[in-house]
Amino acid sequence: MDIATFIGLVVGLGGLAGGFLLEGAHLSSLWGHTAFIIVFGGTIGATIVSYTMEELKKVPFFLKVVFSEKKIDYFTVMETLVETADKARREGLLSLESQLGEIDNEFLSRGLQLVIDGTDPELTRSMLEMEIEAHEKSQKVGVDIFMTAGGFAPTMGIIGTVMGLIHVLSNIAEPDKLAGAIAVAFLATLYGVASANVMWIPFGTKIKVKSGREILLMELVLEGILSIQAGENPRVIREKLMTFLPADAREKGAEQERARMEM
Amino acid sequence: MDIATFIGLVVGLGGLAGGFLLEGAHLSSLWGHTAFIIVFGGTIGATIVSYTMEELKKVPFFLKVVFSEKKIDYFTVMETLVETADKARREGLLSLESQLGEIDNEFLSRGLQLVIDGTDPELTRSMLEMEIEAHEKSQKVGVDIFMTAGGFAPTMGIIGTVMGLIHVLSNIAEPDKLAGAIAVAFLATLYGVASANVMWIPFGTKIKVKSGREILLMELVLEGILSIQAGENPRVIREKLMTFLPADAREKGAEQERARMEM
Amino acid sequence: MDIATFIGLVVGLGGLAGGFLLEGAHLSSLWGHTAFIIVFGGTIGATIVSYTMEELKKVPFFLKVVFSEKKIDYFTVMETLVETADKARREGLLSLESQLGEIDNEFLSRGLQLVIDGTDPELTRSMLEMEIEAHEKSQKVGVDIFMTAGGFAPTMGIIGTVMGLIHVLSNIAEPDKLAGAIAVAFLATLYGVASANVMWIPFGTKIKVKSGREILLMELVLEGILSIQAGENPRVIREKLMTFLPADAREKGAEQERARMEM
Amino acid sequence: MDIATFIGLVVGLGGLAGGFLLEGAHLSSLWGHTAFIIVFGGTIGATIVSYTMEELKKVPFFLKVVFSEKKIDYFTVMETLVETADKARREGLLSLESQLGEIDNEFLSRGLQLVIDGTDPELTRSMLEMEIEAHEKSQKVGVDIFMTAGGFAPTMGIIGTVMGLIHVLSNIAEPDKLAGAIAVAFLATLYGVASANVMWIPFGTKIKVKSGREILLMELVLEGILSIQAGENPRVIREKLMTFLPADAREKGAEQERARMEM
Amino acid sequence: MDIATFIGLVVGLGGLAGGFLLEGAHLSSLWGHTAFIIVFGGTIGATIVSYTMEELKKVPFFLKVVFSEKKIDYFTVMETLVETADKARREGLLSLESQLGEIDNEFLSRGLQLVIDGTDPELTRSMLEMEIEAHEKSQKVGVDIFMTAGGFAPTMGIIGTVMGLIHVLSNIAEPDKLAGAIAVAFLATLYGVASANVMWIPFGTKIKVKSGREILLMELVLEGILSIQAGENPRVIREKLMTFLPADAREKGAEQERARMEM
């Protein structure tokens, strides 16, 4: 469970609903099935037209990304790389074979495999870089789909409201029902703007932010793998990889290093 | 038939029309021939002014791209490239001549022809890259035309509504017809926003997405051709090309390879 | 006469006016001299402030670009380049001097002059590239000016309408004239949105599209000139230049080549 | 205390409140707790959904950046670099060890440490560049968060107003309270637009501007460190670093140099 | 006095005011001190929050750029460079010392000083490029400040109008004053949109356009300085620098050269 997604939805939807209730209104007056059908039918339909089945099939996966937590521990990965570099220097690159099983970061184990296989350094770099790029592109599809939906939703809300007003104005015989009918017409605008700004756009931004963190980890691994292959000094590798770490993880690393040096 | 275009239009237009019908309205009240003429005349006119006949002639072709399905099978193309690399290694580059006839991917056969002709590797790369770039540019014209139309449509809707209101307000003698006339004026806004968001913008996005997939395939072919020309190991080529594959096609490939190795 | 500009304006303005007339309105109710002065005065004024006299002096030239046709025949230019390469190979670079007079593409003849003068290849490339870049920049000024006007026009329309409403609301003594006065106020919005979307923005887009086609031709010429200077095989040059050609011109070229080879 | 943030908020909020009071209104009529809950709940909720806890934890830090002053003295840092270069030339790189304690710019002391350790120049450059890039990225998170909030706020205002209007129109029994209720509904739009334009967007821009200044200082330090490592002439280093200085600091530097040369 | 700024403001403000007067309104009804305080207070306040004092101090300088004329004579600078190249070739680089005093282009004289001092060509290039970049950045600050103000102004107008409407609706006791009060509320929208579109945005665009012209001149000088240092042939330098010239200055140059060659 992604805690920020959860808290954000509670705060956001809670704020909207809470403020409405405090005005003395009933939540039931926020429900309109026709507006719901127009806005969500229109948004989802237009988004489906925009993409192909291959991309759309991944939407459940991207929703999982939004709602589930995937802890990224830069520091541990860096430590693993430094230890591996140390072992590779002392026992040779082939000794890493035994370590492969313990590593649960798929990209890292794939990179080490290339190193163990004696792949040419330039080829190793280009293959891992292509992998990073491919990962980036596949995540961008998710960002794009939700941002597209977030772009369509408010306009579908306007369409719903305009259609509602057209209906109201064409049947103006009962003026005492006019205000209520206009209120219902506005529901579509509400649904459109709210779904875009509480769901689609934040979901798209979330995938982008998470993707950025994963890419950073992959770049750290790439740098580490290439340094191991080049047989660089583990201490220098550590120094280099530290610059990838976010400020808080870096401080933790600095402390540990101090502790180690004092021993 | 592009299934996503079809489903999307059904869901989108169905949602808009369905919601409207459920409000108890008649679809006939959504028809206004003057609004139709204003919005579509204005949108198409402004789009024609923006481009030249050369670009506009391609619109039917781009509409076909939107509505028709063109299956892209990265995996089979990759297999073809690996097999070709294998054959080239065993029997020499000239032996590929016989295989050219079986290949229905035009870009791939053109690339192989260059290799067979003994073209300089640097020239091969630059010619194929220029081809990819030219393809990208020609597709971008389609994206641009539909996006341009999608930008003009809502403003043409506003123009239609403002003209309708001006007409209504200048002839306010019959106040009992006022509401109906205003309803008609709003039809233009409806047409403008709906045509942009259910047709023009999704169509443009679709062409962009499909173009991106074709470009990816071309880049895979380019990488493969250059590797064949360099006489690289088919297994390494396979590894390299796998990084181009989308996640699902890649898993399929990994399974096949495992099966092959167990044999 | 640029046929697309002409057809587009007829279809666009015709659609707007035709729809309005079909509503039973008189075109005369679309005329308001105060709104005209506000919107066009404001738009042109704000655009003039944004640029300097040097840029503004070129506006008539850019209007000519929008309205006049300048046929770009990639194929003929490519043929000229291939023939020139052939002649240069057989009779030497100096023999091209006699051909210079027949060439009416200024950029091509300037490039050939550099080749004949024996300019260093690297310098030839950099000088021709700078020329292309300078051409691109000078065209971009035209795009920018019209796009700037297209950005200002709708806001000037809003200013006109708001000023109209302020006037109406401050003099509300004659309520029976209220509706008519509001209608007049809306004329400014109409002028602003319509001038931006039927004139300024399409004009800017047109210049951009035409500029892109000219740049493509210049890049084709640049590639050809450098190949001639390098003494490359005319057939290879032909192959290379073909990738610059748009799809339709390319097919024409492929047919001709087949015909030639069968001879 | 960042003086510009302080003055800006006083002028901005003072202008809004002052103008309102001069209209003869009471500030109390600008307070609406339901609108406040809807707009701020919605904005903060949607922003939280968009990011992960790691990013959100840094918001207090970024608020401190907005409100606190951190004087950046390019000139003094440049002088320090030139003096250090002088000392390094006369007494050797190792002599810099003693100077490290006096330097309070963390990035500079880290760079000098690398030079003293005899790190390879190429590695020094790449490590310091990665540090700059990491700093830039971490600051960009702050810019993004506030800009995201600034994007959501006005739409939350619209949501609040639409919900308010829906409530009003559904309970139209008491027409004499209608105007007041509509006024309250507009409060949400006011809060949304004002919070975006007086707080979120200016805060985001401020972080971006300050980050740009820090990056410039880091680039100056990077250039200086590399020049010191290369053993360049202090006078040339001074000349080079001067180009990084903003115009006013540069004039101050030029004067000092003249004074020095006259001695 | 920048003639385009002057003409543009006269045409723009004249158009807005003239159209309003022709509607039979009094200019006095366009004045509202509360709207003025709200819009300008809010805009200026939000802009101040967005920047730091260092940037804001330069606003008077940027206003001077908008209103004053600084003739840029590419042709004369090019002639100076060609003559200098000629002299350097005949009399040696040191002979340029005497010429330095006559040159009033600061960037050119600084570049020549570097050449005379015998600075390494690579260092000369990098120092002059850094100078160009620094100039570009410092001008961009001005563009950004005015564009930021242009982004805030219309929203401040909306805030003012919404606050005005809230005040009107809360005090609806005197319905006969309602229309006039609404008119006053709209003044804020008018001020916001007009100040953004007649002042802030055109001012920002103007600085950008002028900055682009200065940068072009600096690039011309850079190219010339480097060619002089490399001891290139003055005629080749002339050819090369001609490509930097705008079309009109280039024709003037071509004519002069023809005249010279006929002599």
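To keep things simple, chains are lettered A, B, C, D and E as they appear, and every chain counts its residues starting from 1.
Everything that follows uses one rule, which is that a residue touches a chain if its C-beta (ideal position, glycine included) is under 8 Å from a C-beta of that chain, and two chains touch if they have at least 3 such contacts.
Bear in mind that the values here come from a model prediction, so they are computed numbers and not experimental data.
Chemist: Among the remaining chains, which ones contact both chain A and chain D?
Modeler: A chain counts here if it touches both chain A and chain D, and no chain qualifies.
Chemist: Counting one step for each move to a touching chain, how far apart are chain C and chain D?
Modeler: The least step count works out to 2.
Chemist: Does the chain B and chain C pair touch with the same residues on each side or with different residues, judged by whether over half of the numbers are shared?
Modeler: different
Chemist: Could you give the separation in Å between the centres of chain A and chain C, each centre being the mean of its C-alpha atoms?
Modeler: About 41 Å separates the centre of chain A from that of chain C.
Chemist: Measure off the straight-line distance from the CA centroid of chain C to the CA centroid of chain E, and report it in whole Å.
Modeler: 25
Chemist: Among all residues of chain E, which ones touch two or more of the remaining chains?
Modeler: none
Chemist: Classify the chain contact graph as line, ring, star, complete or other.
Modeler: Contact map by chain: ring.
Chemist: Start at chain C, step over to chain E, and keep going round the ring; give me the chains in the order you meet them.
Modeler: C, E, D, A, B
Chemist: For a test of understanding, state which residues of chain B touch chain C in their complex under the given definition.
Modeler: Checking each residue of chain B against chain C gives 33-42, 44-56, 119, 123, 126-127, 130-131, 134, 138, 148, 151-152, 155-156, 158-160, 162-172, 184.
Chemist: In the complex formed with chain B, which residues of chain C make contact?
Modeler: The contact residues of chain C facing chain B are 2-5, 7-16, 18-20, 22-25, 29-30, 154, 179-180, 182-183, 186-187, 189-190, 193-194, 196-198, 201-203, 205-206, 209-210, 213, 236, 239-240, 243-247.
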